[in-house]
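Structure first, commentary second.
For clarity, chains are labelled A, B, C, D, E and F in written order, and residue numbers in each chain start from 1.
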């Protein structure tokens, strides 16, 4: 048995419930994803991760949808299947259309290609870019 | 000797010059970056890569600045130093402020952290996310 | 058909059986994992990989549990699902508690975040660190 | 100009200085690394990152040296040159001998090899490991 | 619902069918893989990706089997399960024997190991290699 | 001081010299690369790594040049600058022409792009590929 059990709301400590409540209120949803239920096995990590994420993902110079697109780009590059599924769903909720999704994928694909070309060809950084 | 020489405009074939001209016209700049000068050793790759990039990066459902931010997110995740330098410069030209840059980095950082947590904890995808 | 069949002990050559026997004796288990049964299709690779692994994972300046934690850290960073499952189980056998597992995950998460920040912000190495 | 300037103590805001002071006190050093001086351009990120890092790296079920070894393992897997240099130095301060460093590298190397073998051979997870 | 529906030939636009026809003719197969059916949701991406791939994978200084082996090496390093499955099948069709597959995996494994050793030990590039 | 000193032949132990001699004889060169001089700080690792590498890279079902091309593909995907430089040089010695190098880079680039597309679009593996 390697995977961790999930901490369901009904059996959670007050400390964990407080974070779950804040997640549900902030995101206007009535349940938390498996990710949080697993992290909740380490209540300090649950609290720290949620508070950092909440701060980072709040609207600022970038709108919430753009932040989700960046999140997906990182998740695809890292190859995290869970994260791709959950942040693609989150982006849809924030208004990602099919057209935006396709453009996102196309940019990720091209960037991955030119990243490898620049690395493989050992291109030196232009003085003007330093 | 491992790195490739760079193909300077003055010594380039008409085929390569045509691509260089199109890059400079499209981007409103008067020189091409080292990346293109190195790829130009393979003229077919130069033409194919530029035409794909031009098509992918043109304004569409996403604006050019957002596309550059996604490009940076991928480049940081891949660890391509050249690409980070060149696309950070490109994003600046398209209006990236310090505030946007900081938010971009913060999202990339958080996504990288939660990507690893989801992977390491072997979180199963929620039925609602499938 | 892309995946390789597994070489079961009952049908294995004497050469392969000798490695399986050594794995089982060394690890005090009565069966080998699927990983070895698949690698066994290439008997030279089976022998080479096992002998290197045995040498590397033996107790030394670092104890076996610490080595397993490092193994997990690499496997999570690489995104190898099989390796995460098998080395998490191995670490449990060597005494990894839930508390250790949570701290391991927290360090992996933070390292992944600061790795990307250092890369994205293009931080120069301090002279004192060279 | 792509890289960010560094925020030196002498010119830092009281908010940034408070974090710098805490870093120096906690680590018993008399200066902060370039990493922090660059992140300090985003004071909220500086504070959030440091407080998370401080919490995660404090002694717990794992001792500080083991945590640094895990940090190095992640940094090598990510390919973050800055992070490898800074955390190798930090591990040295916490007692990493040459022998420990060599064993760390050997485990990282073997894990990277078997990660790819398990992935490339598409090994299915053993029922006993689920 | 996160994943995209697949565009089946029977319901595809003439533009998409033309690409499907070219894939089937070029590869001498009577159906296209799921990859293409999903990308086909973005017809411009389908056409661009297929035309680039066709050009890159055609026989040249390297034969088609060698190109497939390189494709597998990249896919294993990236950790793309779909790509490993599809390109392993493609390589089999182009003559990859079990012996070749084992040697391919062994090289990928060793390269992954020495890559991390060179990175972790921070080996400086020899002047003769520059 | 983070990087390891290099073990020069003149000051090496007989055990290390024996490996250096074998490397030079096998490769028909009169000096070993920095990689080996750094790994030599851990003589057991030097011997184990060299013997595995020698076995893996010997001519077999795949010729030495093809093996070097695969090595480069992995090194580019991992982003190991040292490894790209050293294996590009090694491939040149084994007959890699500019044309081969360009085709190698083009395949690596395309594979990196389609890897991300398949991952980001969450393409399911075709039953025929399992």
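Definition applied: a contact is a pair of C-beta atoms (placed from the backbone, for glycine too) under 8 Å apart; a residue touches a chain by one contact, two chains touch by 3 or more.
Everything quoted here is computed from the prediction, not taken from an experiment.
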item: Where chain D and chain E overlap in contact partners, by chain label; value: A, B, C, F
item: Lowest number of touching-chain links that must be crossed from chain D to chain F; value: 1
item: Shared interface numbering between chain D and chain A [over half = same, under half = different]; value: same
item: Turning angle required so that chain B lies on chain C, C-alpha fit (0 to 180°, nearest 5); value: 180
item: Centre-to-centre distance between chain F and chain A (centres being mean Cα positions), rounded to whole Å; value: 34
item: Interchain centroid distance [CA atoms averaged], chain C/chain E, Å; value: 27
item: Euclidean distance of C-alpha centroids - chain B vs chain E, Å; value: 21
item: Junction residues of chain D - those touching two or more other chains; value: 2-3, 45, 49, 52, 56, 74, 76-81, 84-85, 88-89, 104-106, 108-110, 112-117, 119, 121-122, 129-130
item: Sites on chain C touched by chain F in the complex; value: 1-3, 44, 48, 52, 55, 129-130
item: Contact footprint of chain E on chain C as seen in their complex; value: 2, 41-42, 45, 49, 74, 78-80
item: Touching residues (chain side chain A, partner chain F) in the complex; value: 72, 76-77, 79, 81, 84-85, 88, 104-105, 108-110, 112-117, 119-122
item: Contact footprint of chain A on chain B as seen in their complex; value: 2-4, 33-35, 38-39, 45, 49, 52-53, 56-57, 60-62, 66-67, 69-71, 73-78, 80-83, 85-87, 89, 97, 99-100, 103-104, 106-119, 121-126, 128-130
item: Partner chain A, residues of chain C touching it in the complex; value: 79, 84-85, 88-89, 92, 98, 102, 105-106, 109, 116
